[in-house]
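Next come two complexes built around chain A: one with chain B, the other with chain C.
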Partner chain A sequence: MKKIISLILLIVLVAGMQTGCGSTPQPDASGPITITIWHDKEEAVVTVLQKYLDTLEPEIQVVLENKSNLTEALKMVGNNPSAAPDMYFFAHDKIGVYAEMGILAPITDLIPEEELSLYMENTIVAATYKETIYQLPIYYETLLFIYNRLYMSDEVVPKTTEELYAYMEEKTRGGHYGFVEQHSTPYYAAGWINGYGGSILDADGEPKLNSEETIEALTYHKKFVDLMPGETEYATVNTLFREGMAHSTIAGPWLIPTIRDAGIDVGVAAMPIIDDTELPISPYMGVQGIQVLKYAAENKTEAVKSVLTLFLQEEIQVELALASGCAPAKEACYELDSIMSDEVVMAMKETAEHAIPMPNVPELDVMWTVVGNLLTDINMRGEDVSESATKAQNEALQLIENMQ
Partner chain B sequence: MKQQVSRLSKTKKNILFAYSWSLPSLLLISLIVIFPILYTGYISLTNMNIYHWTDYTVQGLENYKDALFVLDNGFLAALFMTIIWTVVNIVLQLVIAFILASLLNIKELKMRNLYKTLLIFPWAMPGYVSILLWKTGMFNSQFGLLNQWMVKAGFEPVKWLASDHMAFICCTVVNLWLALPFMITIIDGALQSVEKSYYESSVLEGATWVQRTRYITLPIIRPIIAPSVIITIFTTFKQFDVIYLLTQQVGSKSGANIHTILTYAYEKAFITNNYGYSSAISMIIFAILIGFSLIMNVKIREEGKAS
Partner chain C sequence: MKKIVRRISLAILTVMMVVLTPQAVSAVEETRVAINVQVPEDWTNPCVWAWDTDGNNAFSAWPGGEMEANPSNDGWYYIWLPSWATHVIVNANEGSVQTDELILDGTNAWITITADGAEISYDAMTEGETPAYVEKFTIYAKVDETWENPSLWAWLAPDGTNAFESWPGAVIKAGETGWYSVKAPIWVNSIIINANEGTVQTADITIDPADVWVTVQADGTFDFSYTDPDQAAVPNITVSIMAPADWATPNLWAWSAPDGTNVYTTWPGEPLAEGENGWLTKEIPGWVNSIIVNGNEGTVQTTDIAIDTGVNTWIVVTGPDAFEVYYEEPVIEASAEVEETPVVVEEPVQEEVEVMEETPESSSSNLLLYIVGGVIVVALIAVAVVVINKKRNNK
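Presenting the complex of A and B:
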């Protein structure tokens, strides 16, 4: 008896090991076609997505799968049709990585290119890698200048960075801060660098950390950092604002529901203009949209086209943008009352005019760590700006070389 | 002669039988442990990266040549830091765990099980959660408990994780919090296996606590705790999460610049998406660990022979 049980267990084990090694699945022509979309979105967005995607049934059944580590998972299984999704809903900044891996299909193979002329120009720039458009933009996000009306009235909101600095000098005392931000986090510091005409990485994947403009920006930014708390992470900065200990901040739109729930009368304003350059702080812009995997584009073409056509509707774009607290990518949406009456969305539209789409080249992956170290060296360790920038530039070049 | 042949074939049959029973677990071990090592070794010989994701080719020892550039002064400093980190942590773990385990073995101690449960508690929590709780709940300069106490006591708030020395101490504290339950459990178990009559005789002979510990307890528990100590040395040596999450995490760097070989290799290789190159670095670190392991084994064997 024991031998039989052991034999059965052995067979089960060996069979189990074979799982996942199956052949490439072929779409079943007779039944409904299943389209799997990976995403990392919050419940409110998923509800809207599901509502619209359900209208494609019974011919097309769309399964939304939440992946917490979507980008890494996609790297692992992107070229394995039995494990990869058909599409994914994510920010544009990984497009270059997946395009180089050869797992993405150009979106213009599936929808008419003229449809994309109706989108805001910088969302299409964000979706384009090496002159090919790989993403159908849905909505975008930028950082916003947010303030607590209890301390900072609409009239005294700083219009320029020097006004902001004067406000910080006056109000930063006794555990209160005039202004806080994640000062040594690359995504946040990028706004100051871009506003100075500098850049972390250009569109060709070339680091620009020791350019004159970047060094000037980092030097100027440092004096603001000196009036901010030592910690740079999300939790500290946002808690200071939520607890009413910081008067203003630069943060993403995702912070606004939380601080409104905390009973703070929050105002949103345009980014202060940097006195030296007369350009506003110009943060990165992240465009969220749909990307299609090559296998699905080739083997489930009609179903994929139907899903994409659905996302072209302004109605779904508006609903998704409002559910996520972001701004829709299609120009026409800004003529609708529901969008025009939303203070946050309109502020984001204004900021987006100067915002820079996050580079979508693969080289960006190494830049987050290098720039994080550079900012830490300057802002938290007090090291020389030029020397640190040169060291970081060399390190970035070395890492980029190592990518090949 | 015939009898001998039949005994030999019976032995062969037994061996074959034993192996066939072990086959499922051997297959599983091969799949989980051996295969990833071999596969990493294979990938380290290729140019697999995002530009050659499916069309990668074997290019010999190119990646190892490149990887040796990573083993620069920074790597040597990280290796030195890793050794200091391992020695400090292991010594503190052994001393503290021995003291606590000894206290738990005091005959008159009441509510022993309650203390044991409390001491094991940090082990039950996921490491990631514990580390971030320490970071935000204890060390945060704005809201952390330590600074709340400092301010109440009339001192200035301290940036606990901002300087290298202070960050090293804080990382050690968190690592001890995470690792002590295991060591206490092992030493506690070992202490219980010591024959009580040895102590009774030594007390009659007038031995002090220090003498009893030195001449009875330590020699007896040493072979029992040795495998666990070796495991802990390796876990501490290849520590990544405590130091990375407390001081290096992208988006919440603390200002300290302390690196173990793994956090260093992560910043220099793993973020490049070059899997061939990263695998070569992994294999080099693997070789260093295997080297240490062999030295330790030889040393233990020599000590065993000597005793």
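Presenting the complex of A and C:
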């Protein structure tokens, strides 16, 4: 009988050893603790992060693992400590999904809450889900108003949307466009909707597609769409601007390096103010930062705290801004000459004053497709705005109900 | 304290706003060098063809960049070249006379061309400075036949700085393609095309400083385009489609990428007509290079299909992501019917929408768990059998 019990124990032990071979090594008092961070960032960002994380060695070894389809992978393995990372570096908008799954640890369990008072308020708002802060912000991104100074001099940059419309009417001729944007992509159209006081989804996860403000925004936006090309997916808009066929656009800071390489003298300016509301076009703001998985917070607490403490340093944020145009999340960075002299970063800071943190509730997941279809109906099919908005609202409500 | 913080914040914000009102992000500027050339008297309209050791050309077509007369040095012409273009050929008389290949050192150069050949000097051989580099763009014009010797008058509005010394401006040279052409400095934003010694003219034309094609009628009315209208004038083509049987009323959506010009104003485009040999057909402009085939009122569709411009095209669609493009009619066997495909609700491509996909890591991890679980279950069963047998034996 003893032999049999030994056999069973051996089998279980072998099995246990096998399951322990996931991507997250367990704490081991005799050697360094490994912290795995999933991310989806470009090389310039990773280089800066790794440089600082390496200072934690030899006690803590941090592995930055570029994970394709990171968010879906986390949904699959977030509850499996043997396959999940200890932390992930990503935008804030998925926080609600993972918080509802119960896989995230509140960041305030691991760092003093007063540290977060040094951050831009809207980055902390973005990091908060149901009054709990789940992300340590590092930097944020917003869309920018970008123009080709060969065509649009600094003096004539439109300050209001009506000035922009007049400019478009005058300059959209002969195959050139006064202004182009991805008008039927929800992320871009959201700036117009937010600027009208409307919303795709409110903070409680309630779709607002047929609100009076959203309908007014979509109706007003349509007259601008009529002066843009019909097809305005990412490649078209970027190519039009890069090849000098468009005077101005609204685009992310990631577009600027390629435009500079094309020899275009690029200007960045504040978003035009919508005449009706006296609010600027207010794009979504994405806050990039560190989230900690609950298992790591409970089982590698000290190592996780060390990593988070490292990320509290302003130097990392400044270096990221200089390396990759990332706008720092900490207020104090904007008092430094190196940041104040970076036009792109400062433009994002100004835009961020009015930008709306992207909702981080799980319901956002279903909204992209619904709003995409709504924009196609209005901008490309020419369908009635109110009817289309009501149809989309009902569809969104149904999809959200199906989620629950 | 809060007030102080607010005031500091306000001060920072004010500084920021000053910094931010509007800003230029400098472009990559190319280093240029001045190439000065003295040509024989019988060389007219000298040009320079230039390239580097890797074969990169400074100009898109022979005879290359036109040189300009140096107003302070008779017989001398100049051109500003990218400093990397160190291999040059100077030519003239519409490319009919030329030098051998000349290799420069990437700095300002003076070249003297005689019947005996060309000599290069890096010491100045002209008086004064070479006129500064000014980037230029080309204005092409096609005028009514009653308009003789057309000229370009160009200026910067509203300050009124003129590009040329006196009316009627720069002579526009006739080209082989039927278009007259002339260059203007890049700071110009207004032009007038005139002819017959300035006695006929267009109204003021406001343009962007980019290559532009202007068509002028006898009465002076005009139209312009920033793309060559002759290149755009591609004859219509016929697109023939074989769509899945369950795609009701297939439609065609067509456009030109990357400029985004659509053929149809509203999605899902226009229906295809019954053609021969089972094909559904539609005639579309020859400049189209991108299409989508869709059915069921646009609720099922292909991804973007890239096609060649100006040639008839046959496309066999077997699913949203499955299609074959042909430029000659393929032979479709009678038995080879296009299978039905599941209806897919249209989902515009968005960066934000992520595809549900199991990761290799999670997949392998799950597999491991199944194997381990299976081993444990088998072991437990084996133990149970052994224990039961032992008990029986003990009895």
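The definition used in the following text is that the second predicted complex is superposed on the first by the 378 of 404 C-alpha atoms of A that agree within 3 Å, B and C clash if a C-alpha of one lies under 4 Å from a C-alpha of the other, contacts with A are read in each partner's own complex, and residues count from 1 in each chain.
In the analysis below, a residue touches a chain if its C-beta (ideal position, glycine included) is under 8 Å from a C-beta of that chain, and two chains touch if they have at least 3 such contacts.
Everything numeric here is computed off the predicted structure, so don't read it as measured data.
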Fit or clash between chain C and chain B when superposed on chain A: clash
Which superposed partner A:M346 touches (first chain B, second chain C, both, neither): second
Partner chain in contact with A:A269 - chain B first, chain C second, else both or neither: second
Between chain B and chain C, more extensive residue contact with chain A: C
Chain B versus chain C as contact partner of A:I256, first or second or both or neither: second
Which of chain B and chain C A:R381 touches, first, second, both or neither: both
First (chain B), second (chain C), both or neither touched by A:T71: second
Partner chain in contact with A:M403 - chain B first, chain C second, else both or neither: first
Which of chain B and chain C A:R173 touches, first, second, both or neither: second
Chain B versus chain C as contact partner of A:H354, first or second or both or neither: neither
Contacts of A:T236 with chain B and chain C, given as first, second, both or neither: both
Common interface positions of chain A, toward chain B and toward chain C: 184-187, 229-236, 239-240, 368-369, 372-373, 376, 380-381
For the chain C and chain A complex, residues of the former touching the latter: 12, 15-17, 19-30, 186, 206-210, 212, 224-227, 255, 257-262, 265-267, 290, 346-359, 361-362, 365, 368-369, 371-372, 375-376, 379-380, 383, 386-387, 390
Partner chain A, residues of chain B touching it in the complex: 21, 23-24, 27-28, 31, 49-51, 53-54, 66, 136, 140-143, 159, 162, 249-255, 257, 267-269, 271-274, 277
Residues of chain A that touch chain B when the two form their complex: 6, 9-10, 13-14, 17, 75, 79, 97, 100-103, 182, 184-187, 229-236, 239-240, 362, 365-366, 368-369, 372-373, 375-376, 380-381, 399, 402-404
Chain A - residues contacting chain C, complex: 1, 4, 7-8, 11-12, 15, 18-19, 21-23, 67, 69, 71-73, 76-77, 80, 82-83, 147, 149-151, 154, 157, 170-171, 173-176, 184-187, 228-236, 239-240, 243-245, 247, 256, 259-270, 334-335, 340-341, 343-344, 346-347, 349-350, 368-369, 372-373, 376, 380-382
